[in-house]
Amino acid sequence: MKNNIKEDKKLVSGYYEHPDDLIDAVRVIREKELPIEDIFTPFPIHGLDEIAGLRKSRIPTLGFIFGLIGSISAFGFMTWVFTVDYPLIIGGKPYFSVPAFIPITFEVTILFAALAMVFGFLIRSKLGMGAKNRIYDKKITDDHFLVLLKGDSSTLLESAKQVLSATGAMDVKIIED
Amino acid sequence: MDQTFEFKQKYKVVLAVLLGIGILSLVYSIFSVESGRIWANVLLNNIYFLAFALIGFVFISVHIVGQAGWHTSIQRIPEAMGSFLPVAAVLMAILLFGMHDIYHWTHEHHDPILEGKAAYLNAPFFIIRMVIYFGGWIFFGWKLRSLSVKSDLDPDLKYFKKSIYYAGAFLVFFAITSSTASWDWIMSIDAHWYSTIFGWYIFISIFVSGIAVIILLVIFLQSQGYMSHVNKEHLHDLGKYLFGFSVFWMYLWFSQYMLIWYANIPEETVYFIQRIEEYNFLFYGNFLINFFAPFLILIHRKAPRLKRVMVIGAIIVFIGHWIDLYLAIMPGVLGDKASIGITEIGLTIGYVGLFLWVVFRSLAKAKLVPVNHPFFKESLEYHNL
Amino acid sequence: MKIYWKGFEELREANDKATGNEFPHELPIVLNKQSKGSSRRDFLKTFGFTIAGATIAASCERPITKAIPFLIKPEEIIPGKSNYYASTFFDGELHQSILVKVRDGRPIKIEGNDLAPMSNGGTNGIVQGSVLELYDNNRYRGPLSHGEEVSWEDLDKKISEQMAGADGKIVLLSGGIISPTTNNSIKEFLSAYDNSEHIVYDPVSHNSIREANHQVFGLNSIPEYRFDKAEVILSFGADFLGTWISPTEFSFQYIQNRKPTEDNPAMSRHIQIESGMSMTGSNADQRITIKPSREKAILANLLAFLINESELDSFTGKLPESPIDIKVLAEELLNHKNKSLVICGSNDTESQMMVNGINYLLGSYGNTINFDRSLHSCQGVDSSIENLVKEMNEGKVSGIIFYNSNPAYDYSDRDAFLKGFQNLDFSISLSYTTDETSKLCQFVCPDHHFLESWNDAEPKDGLFSLCQPAIRNIFNTRQAQESLLTWTGKDVAFDDYLKKFWEENIYPLSGSDMDFRAFWNKYLHDGILEIPASSKLKPSIGSGQLLEILGSLALEKEGETELILYTPVSVGTGKHANNPWLQENPDPVSKVVWDNYAAVSPKYADENGLNTGDVIKINGKYEIPVLLQPGQMYGTISVALGYGREEGGKASIGTGRNFYPLVRTEKGQRKYFSTVEFEKTGKTYDLASTQMHHSMEGRALIRETNLDEYKKDPAAGNEIHEEIELRLDSLYEKHEFAGHHWGLSVDLSSCTGCNACVVACNAENNVPVVGKEQVKLGREMHWIRIDRYYSGDPESPEVLRQPVMCQHCDNAPCENVCPVAATTRSSEGVNQMIYNRCVGTRYCNNNCPYKVRRFNWFDFNKADSIPKNTVDPFDLTLDLPRMVLNPDVTVRAKGVMEKCTFCLQRVQEKKLNAKLEDRVLEDGEIKTACQQVCPTQALTFGDLNDENSDLSKHVRNPRNYHLLEEIHTLPSVSYLTKIRNKSGEA
Amino acid sequence: MYVSPVRETLITGNKTYKDVTNDISNPVEGKPGKFWYLGITISVIALFFGLFATIITIWYGIGTWGLNKTIGWGFSITTFVWWIGIGHAGTFISAILLLFRQRWRTSINRAAEAMTIFAVLCASVFPLIHMGRILLFFFMFPYPNTRHLWVNFNSPLLWDVFAITTYFIVSLLFWYMGLLPDLGSLRDRAKTRMRKISYRLLSFGWTGSMKHWQRHEILSLMLAGLAAPLVLSVHSIVSFDFATSVIPGWHTTIFPPYFVAGAIFSGFAMVQTLMIITRKALHLENYITLGHISSMNKIIILTGSIVGVAYLTELFMAWYSGVEYEHYAFINRATGPYWFAYWIMMTCNVVSPQLFWFKKIRRNPMITFVISIFINIGMWFERFVIIVTSLHRDYLPSSWSIYKPTIIEIGLFIGTLGLFFTGYFLFIKFFPVIAIAEVKSIIIVDRSKKQVKNADSEK
C-alpha cells in the first residue's frame, strides 16, 4: 500500500477468490513468519486484522480527545460570551444558563469528534482527492482477495512464492516498482 | 448446558435474613415514624421491584419481536424476574390502605384544578385501573413464561411463533399501561403537576435498573458456577444496554428539566423548585449517579467485558434509580420532611430479599436456558462487531 | 461646502455614495416668493424647512450632499430638538387646542394642549392624524383656473372681475366656523358685495339642538354639557364619546366620574338607548336597543311620566306606545335629580325639545347643562343649503365660494346640487386638497393647511384658542381668509389682520393688564385665553309649553327595516377620508378598517340568510357588504357615512361607499335614519378587520366587576391575581433593574376604546400603513391595539376592551428565542428590539403570548436595498409624506420585527433634559405617545422602582393585574380591572 | 458464524461476489432508461419553480407568503421539520441499526443515507429562506465582529443552526466514507476516460488494503456511535424550537422523544417510497427483498405506535393539566378550522401503519408504497398541526387568525421536492445505490464457488 516504494523493493502477490481461503492462507503465512506487505480485500473481513497481526487503530482515542476539546471549547466559549464578554439579559434567564448551553456543547462535541476521526482516517490512510495509491489488481474491488508479501531478499521472495502457491493463490507473481 | 438452578439452603438463609431486616425495620418504623413515610416507602419499593418484574418481560418481548438471538442464553433470568409480578400485585393491593397518606387528591378538597381532574383521579377508577394493569401484565407474563417453558419439552416451533404474538401484544399493552400507571402511582402524588414525558421517563428509568438487575443476576449465577455459556460478548451487549439507556435516561431527564426550566411556567417549575430547594444534594446527585457514573465507567470499549466493572456499574445504577424514584415520590408525599434512614434502607433490603426469593424459586423451576429456542445456537456463537 | 451629519453611518454613506439630490425636484419649495416682509418666524420656517429636508433625507437613508447651515442660529432652534407651538385644530366640526411638535422645521406630531379646559391635554385620532394631511400628496400645489396653473395675481384679477360682474347672488358656502377673526373677514367680504350671503353647512347636522333650545328657551345655542357632574347619564343614540359635538371634551368629563377608588367608590351610571352599537353604547353600563323610529315614543313617555311626577302639570293625552318600560328609567333619573343628564343624538327638533323638557324636569340646567359657555360649532342650518340648491337650480346664484365644504360629496341630493351647479357663472374652491367640489370648480384658490395658518377659535363663549403656523406653507397656497380679504380689496396679511382684530376686540374683552404685545405673546405661547363667563343664564320653561310639545308630536312610522347613518369614529364625516392613518385605524366597535358596511344584528341576519361579507342592495341602488354586529337592534341596519369618496386621493377613492344620498330631509331637517328595503345580491365582499375572534373564550384576560362588588372588595373580579402571585416561583433569580424600571398601567375602566392611541403611536413611531389587502391578511402594523370582546347575548352583548401593546415582560418569551439576540432587556427593564440586528425569523412573534410584535412583511417604508419592491399603496414613501416621519425613530426595513418600545425616544429625551438640568427625573414627566393622547387618561407610565410614582400606586392597587400573569412572563404593563355600574339595572 | 435456519434469507438469487459487483454497478454504467429521464426532467422543473419562488420571496419579502401577525411560521417551517425528519431514517439505518447489528440494513443504508443528505439539504433551505433578511443570515454564526456582538446561545433556533450544520457534515462524511470502497469498485470497472478520471478522484485512492479496512471499520462504528445520539439530538433540538416556548400545543415535555420517533417514522416511509421504486426500476429485487420491506415496516409500526401513544398522551395531558389554554388548543386541533389537518394526521400516522400488523400487507410492496405515501402526507400534516394550529389560536382570542398558504410557499415546497428528487436521480445515476462491499460482507459464498449458499440474516 505504500505510495513510494523504493526502487529495488520487490513484492510477491497472489490472490484468492474466497475469504476463507484467504484467512487460511494468512494463518499459514503468519506461522511461517513471512512479512506481509499488505492484504487487499473487496470487503472487510472480520478478524483479519488480528490474524494478520495489525495493531488496533487509535481513531477512537482521537475522536475522544477532539470531542473533549469540542465540548470544553463550546461550553467555555458560551460561558465567556454570556458572563464576561457581553452579558445580556435575555428573557430573564441567568447569564450563565447551563441547560441552554448543553445542546450546542453536545453538537460541537460530535462535530469535532467526527471531523477529527474522519480526517485522522484519511490522513493516516493517505486517502484523499487525487491520492495516487497503487492498484495492484483491478479486481480487488470485485472478488479478488490479494495478498502482498515482502520479497526484499531472494530467500524471502522464494518462500513467499511458495507459500502463496501452496495455499492455492492464483496468479502468483513478483512485482517491482 | 442443561443446567438447572438449585435454590440452595444457603441462599435461602441469606435471603431470609434480608427479609428479616426488612420486617424488623418495618416494625421499627411503625412505632417511630409517621405513617406517610412508611407508605411512601412501600410505594417506592413496590414500584421499583414491580418494575424489575415488568422489565423482565419487556426485555424478553422486545427481543422476541425484534427476532434477536443473543438474548436467548440469558432469557430465563428475565423470565424469572417476571415471576415477581403476582407478589407485586399483592403488595400494591396492600398499598391501597395507604392511599390517603400518599395521594392528596383522595382528600376532601375544594380545589378547582383537582375537581377538573376528578374524572380520572378518583379512588374507584384508580383501583379499577390498577386491576386492569395487573390483570394484563400477569396474563401476558404468564403466557410468555409458560410458552418458553413448554418449548423446553417440545422442540416444536409453534411455541416460538405464538410467543411472537404474545410478546407484540404485551408490548402494546405495556406501552400504554406503563405511562398511565406512572401517572397514576407517581405523577398524581403532585396532583397539580403534569409533564407529558413523565411516563416515558419513568419507563426508561426502570428499564435501566431492570438491565442492571439482569446483569447482576447473570454475574451472580456465573459466580455460582451456572451459565458458563454466557461469554463476554453477551455481557458486552448488556453493558451496552446499560450504557446506552443510561445516556437515554439522561436525554429524557434533560429534555424534561430543560423544557420546564426554559418556559419557566410556575405550574410546571414547582416540581423542580421543591426538589432543588429541599433535596438539593439528591437532585444533582441523581443526575451524577445515573448518568455520569455509568457513562464514565462504561464508555471504554473494554469496560463492558470486565465483570467487576459491570458489577460496580450495575450496582450504582440500581441505587441511582432507586434515588430517582425516591425523588419522584418523597417530595410530593412528605414535603421537606423526608430523609433516608432505617425505614428506607431496611425496607429496601427486605424487598431485595423477597424479590430474590421469588426469582430464585422461579429460576429453579425450569432449565437455565431455553434449549429448544430456534435462535439459541446463534447466541452461543455470538460475536460483537 | 460643509457637510452636516448626524451619525457615523450617515457620514460614511454620504461619502460613499455622494450621489442623488437632497431635494428631489418634485418637492416644490418656493422661498420668499410672497412678499410680505420677512418676519423672524418666516426666517425660522425657511431654515427650519431646510434642516427638515436634511433630516428627512437622513432618516430615509439617503445620501446627503448639501445642507445649508444656520448663518446665525435662531436662539430657540437646536437641531435635533423639538419645539412645541400652541395651535388649534378645527376642521369645521371638531375643535381641539393643540401643541404642534416641530422638529427641525417640520411639524411631526400633534399633542393636546394641557391648558385647554375642553380637552385637558387629550386629543382624538382625527386630530392626531391631521399632521399627515399637511403632507398629503393630494394637496393643491398652487392656484388653478379651469385646471390650469395660474399666478395668484392673475387669478385674483379674474375672480374680482367675475364677482364684480355677478348679477345674482354670491354665496360663501363654508363649513363650521368658530373663528371670530375669520367671521370678521367674512363679514368684510360680504359687505363688499351687495348680493352676497354666507351659508354654513355641516355635512352631519346637529342643528336641531340649537333649534330646540331656541324654541324652548329662546336660546339659539348649544349648551355646555357637564358629564362629570352627572350621576346618571341617559343618552339616546348620541355617540358623545366618539363623534357627538365635542367627543374629546365629553370623554374627559365622562371618565372623571368613572374612576372609582377605594376612598371614593363613586361612579356615574350610563344608560345608552340606541340602535347600532356605537362606541359610546359599548361603554354604557346598561344598553337598550330600539329602532330609531321608536325613539320619540320613549322620549314622549318619559317626558309625560316626569311631567306627571312633577307638580308642574299633568299630561293626560294619548301617548305613543313605548317599546321599553320607561318607569324604571324615569325613577332612576328622578332619584338623581339635579345630577342626571339626558342627551339625544337625533337631528330632530321635537326629540330635542322633549329632551330639553326632560332635562328641565330633572333639574339638569345649571347643574349638568348650562348655557354660560355655549358651544359655537354646529351652526349649520339645514334648510339654508336646501334653499341654496333650490336657488342654484332657479339660476338665482351667480357664484359660490366653497370654503371647507364639499357638498358635491356629502350633500344628500347630489344630483340637484350638480344640476344647479351648471347654472353658476363662477365657482371658487378654497379647498387645500382635491375633493369632489373643488374638481368641479372653475377656480381653485388653495387654502393653507391649518398647520400653516394663522387663525383663532372661540369654541365656546369666552374661550379663545389661537392657531399659528408651525411651518411655512409648503406649496404656493394662500390662506382662505386672505383670499377673501384680497377679493374684498384689502391687501393685508392675515397674521397682521388677526393681531389687529385681537388688539381691537379680544384684548379689551380680556381685561388683561398686560400691554398688548405681552398679552399677544403670552396667549400665542399658551394657545388658550379664557375670559370669565359673562352671564348666568338659567333657562326656564313655561308650564304649558311641555304639554304643547307632547301634544303636537309627529311620530315616525315604524319600518320593517330601518337604516341608521352614523359618523364613524375613526374617519369622521369624510373630510379626513384621505388620511391613511385614520382609514387604517380600526373602528372602535367592529374593528373593521378601510370600509363602511351594513351592520346587522346576528339574529336578523340569520333570519334573512345574511352573513358577514354578503353584499346587499339597499333601496335597489346602494350596494354594501353586511357585517354581523352583536348589539345591533333587530330589524335595523347601520351604515357609516364619510366613505366612498370619488375624489381626494388614493386612500379615500373607492374606500367604502357613499351613503350621504340616503340622508333624508324632512321639514327642512336632515334625518339620519329611514325605512329601507334591501335585497341580497349574491355577491360577496371581504371586509378587512383587525380582529377576527370576538369572544374571550372564558379566559381571565379582562377582569371586570360591578361597582357593588367593588365596594365590598376592591379586589373583586381580580381574586385570582393574588393566588397566581403566590405561585410565581422561578427556577432562577429575577434580574433586578437598579436604576429605573419602566412600566405602564392601563385602567380598563377608563379606556373607552376610541383608538386615538393607535394613531398617536403611528405618528410617534413611524408605523407604516399597509392598506386593506394586507389587513385582510392580518398584517396591520399597529404597535398598540385595543382588543374588543363581546360577552353575553349576541343581541345585546356587553363589550370589553383592552389596550394591548408590548408588555415588556421581565421573563420575555420572545427574547429567549431570538437567535441573534436582536431583542433583549435594557438595563431599565424595557424589552428592546434592535432593528439592525434582526434577521426576521419571526420566532419571537410566535413565542409572544400577547402577539404584539409586528413584522415588516414587505418593504413598506422604502428602506430596503432591493429596488422596486416597495408596498406602499398610498404613496406614503414619497418625499412629501415622509416629512411626517419622526427622526428619533428608525424607519424599519423589510424583514424586520418591530413593536412598542415604551416610546424610548421620549424616555431618553426627558432623561437627558433632567440630566442637563442636573435634577432628578420627576414622576409623570415622561409620557408615552399613547398616554399623552388619551382623552380619558387611561394609561400611566412610570418607574416601577419609584415607590411613590403614580404607576407604583396603580401596581399596589388591588385592581391591578397582569395579562396572562399565570404563565410567568412578568410583564411591566399591568391592568386595572374594569368596573361597571350595573347597580339598579332594570 | 452460525445462522439459524429459521431466519429468512437476506440476499436472494444465490449471488456471488462478482454478481453483487455487477448487479449494483450496472445501473451506474449503463444508459439510463426513459423513466430516469422523465423523472429528472420533472424534478428539475420543480426545482426551477422553487428557484422562482425563492427569488420572489427574497425580492418582495415574506409578505408573499400567507403568514400574518399571529402566525409567523407556516408552510416553510412545517416543510423544514418534515424534511429534517425524513433525513433521520438514513442516519437511523446506518447508525442505530449498525449498533444493533441489523444486517438487513446493508441493502438500504446507502440510498437512505443519500436520502438523508438531500433531505437535510432541502430542510436547510427553509430556515434560510424564512428569514426576513436572508442576506444577513451570517448573523446567525458567532463570528468576531467590530460590534462585539455574539449570538444568543439560549435560542433553540441557534441550537438548530449548530445541530443541522453538524448533522449535515457528519451525515455527509459518514455517507462518503462508506462510499469510498464502492467508488473504488466503479473506478476499477470504468471504461471511459471521463469515468476513469472522475471515479479516481472520487474514490480518494481506495485500494482495499486491510489497513484501510481496519480503520474504515472502526471509523464506521465510531461514526455510528456518534451519529446515534446525534440523530436523537437533532430532532430533539428541532422539537425544542417549539417545546421551549410557552405557546399551548408547543410547550410539552414529550416533544423531544416524540419528534425523534416521528422523524424516524416519516423517514422510513420515505425510504420505503424510494426503495420500492428503486428496486423495481434498477432490478434490485434480490437485494431489496420483501424481507427488507417487511423489516422496515416493522420499524414503521414501532415508531408509528410511539407517535400514536405520544398523540394520546398529549391529548390526555391537555385535559389532565386543567389549563384552559391547553384544553382549548387540543379541542381546536380536532374541531377548529384546521380539523382536517388533525384528522389527516391521525388517520395517516396512527391508523394506517397499524395495517402492517398483518404479515400479508407488510410484505406487499404495492400496499406498502401506498401506505408510505400516506405516512409522508400524515407526517407533513403533523408538523402543520403543531405549528399552524397551535399558533393560529393561542392565548389572546383577539389575535386569533387564519393562515392560507400562497403559491409562493407551495412553490418553495415543490422546489425542495424537486431538489430532493433531482439529487436522488443524480445519485442513482452516478453512485452505487447499494453498498457493494457491505453486501458482500453479509453474503456467504460457498468455497466451492460454484454453488452459492447464501444466508445470513438479522440477529
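Chains here go by letter, A, B, C and D, matching the order in which they are written, and residues are numbered from 1 within each.
Throughout what follows, contacts are C-beta pairs under 8 Å (C-beta built on N, C-alpha and C of every residue); 3 or more make two chains touch, one makes a residue touch a chain.
Quick caveat: nothing in here was measured; it's all calculated off a predicted structure.
Distances from each chain's CA mean to the overall CA mean are smallest for chain D.
A count of C-beta contacts for the chain pairs A-B and A-D puts A-D on top. Centroids built from CA atoms put chain B at 42 Å from chain A.
The distance from the centre of chain A to the centre of chain D, with each centre set as the mean of the Cα atoms, comes to 29 Å.
The distance from the centre of chain B to the centre of chain C, with each centre set as the mean of the Cα atoms, comes to 71 Å.
Chain B and chain D have Cα centroids separated by 34 Å. Chain A has residues 46, 60, 88, 90-93, 97, 100 in contact with two or more other chains. In chain D, 149-150, 152, 154, 156, 158, 217, 229, 240, 244-246 are the positions where the chain touches two or more neighbouring chains simultaneously.
Counting partners per residue, chain B has 258, 260-265, 267, 383, 385 as the residues that reach two or more other chains. If the chains shown are joined wherever they touch, the resulting network links each chain directly to all the rest.
Across the complex, chain D is touched by residues 691-699, 701, 774, 777-780, 785, 787-789, 802, 804, 813, 816-821, 837-843, 845-847, 849-851, 853-859, 864, 866, 869, 871, 893-897, 963-964, 967, 969 of chain C. Chain contact summary for the complex, chain B toward chain C: residues 260-267, 269-270, 272-273, 276.
By the touch criterion given at the top, residues 65, 67-70, 112-113, 116-117, 120, 157, 160, 168, 172, 175-176, 179, 183, 192, 194-200, 240, 247-248, 251-252, 255-256, 258-260, 262-263, 265, 267, 374-375, 377-378, 380-385 of chain B touch chain D in their complex.
Touching chain D in their complex are the following residues of chain A: 1, 17-18, 20-21, 38-46, 48-49, 52, 54, 57, 59-60, 63, 77-78, 81-82, 85-86, 88, 90-91, 93, 97, 100-101, 103-104, 106-108, 110-111, 113-115, 117-118, 121-122, 124-136, 138-143, 146. Here chain C touches chain B in the complex through residues 724, 727-732, 811, 813, 816, 966-968, going by the rule given at the top.
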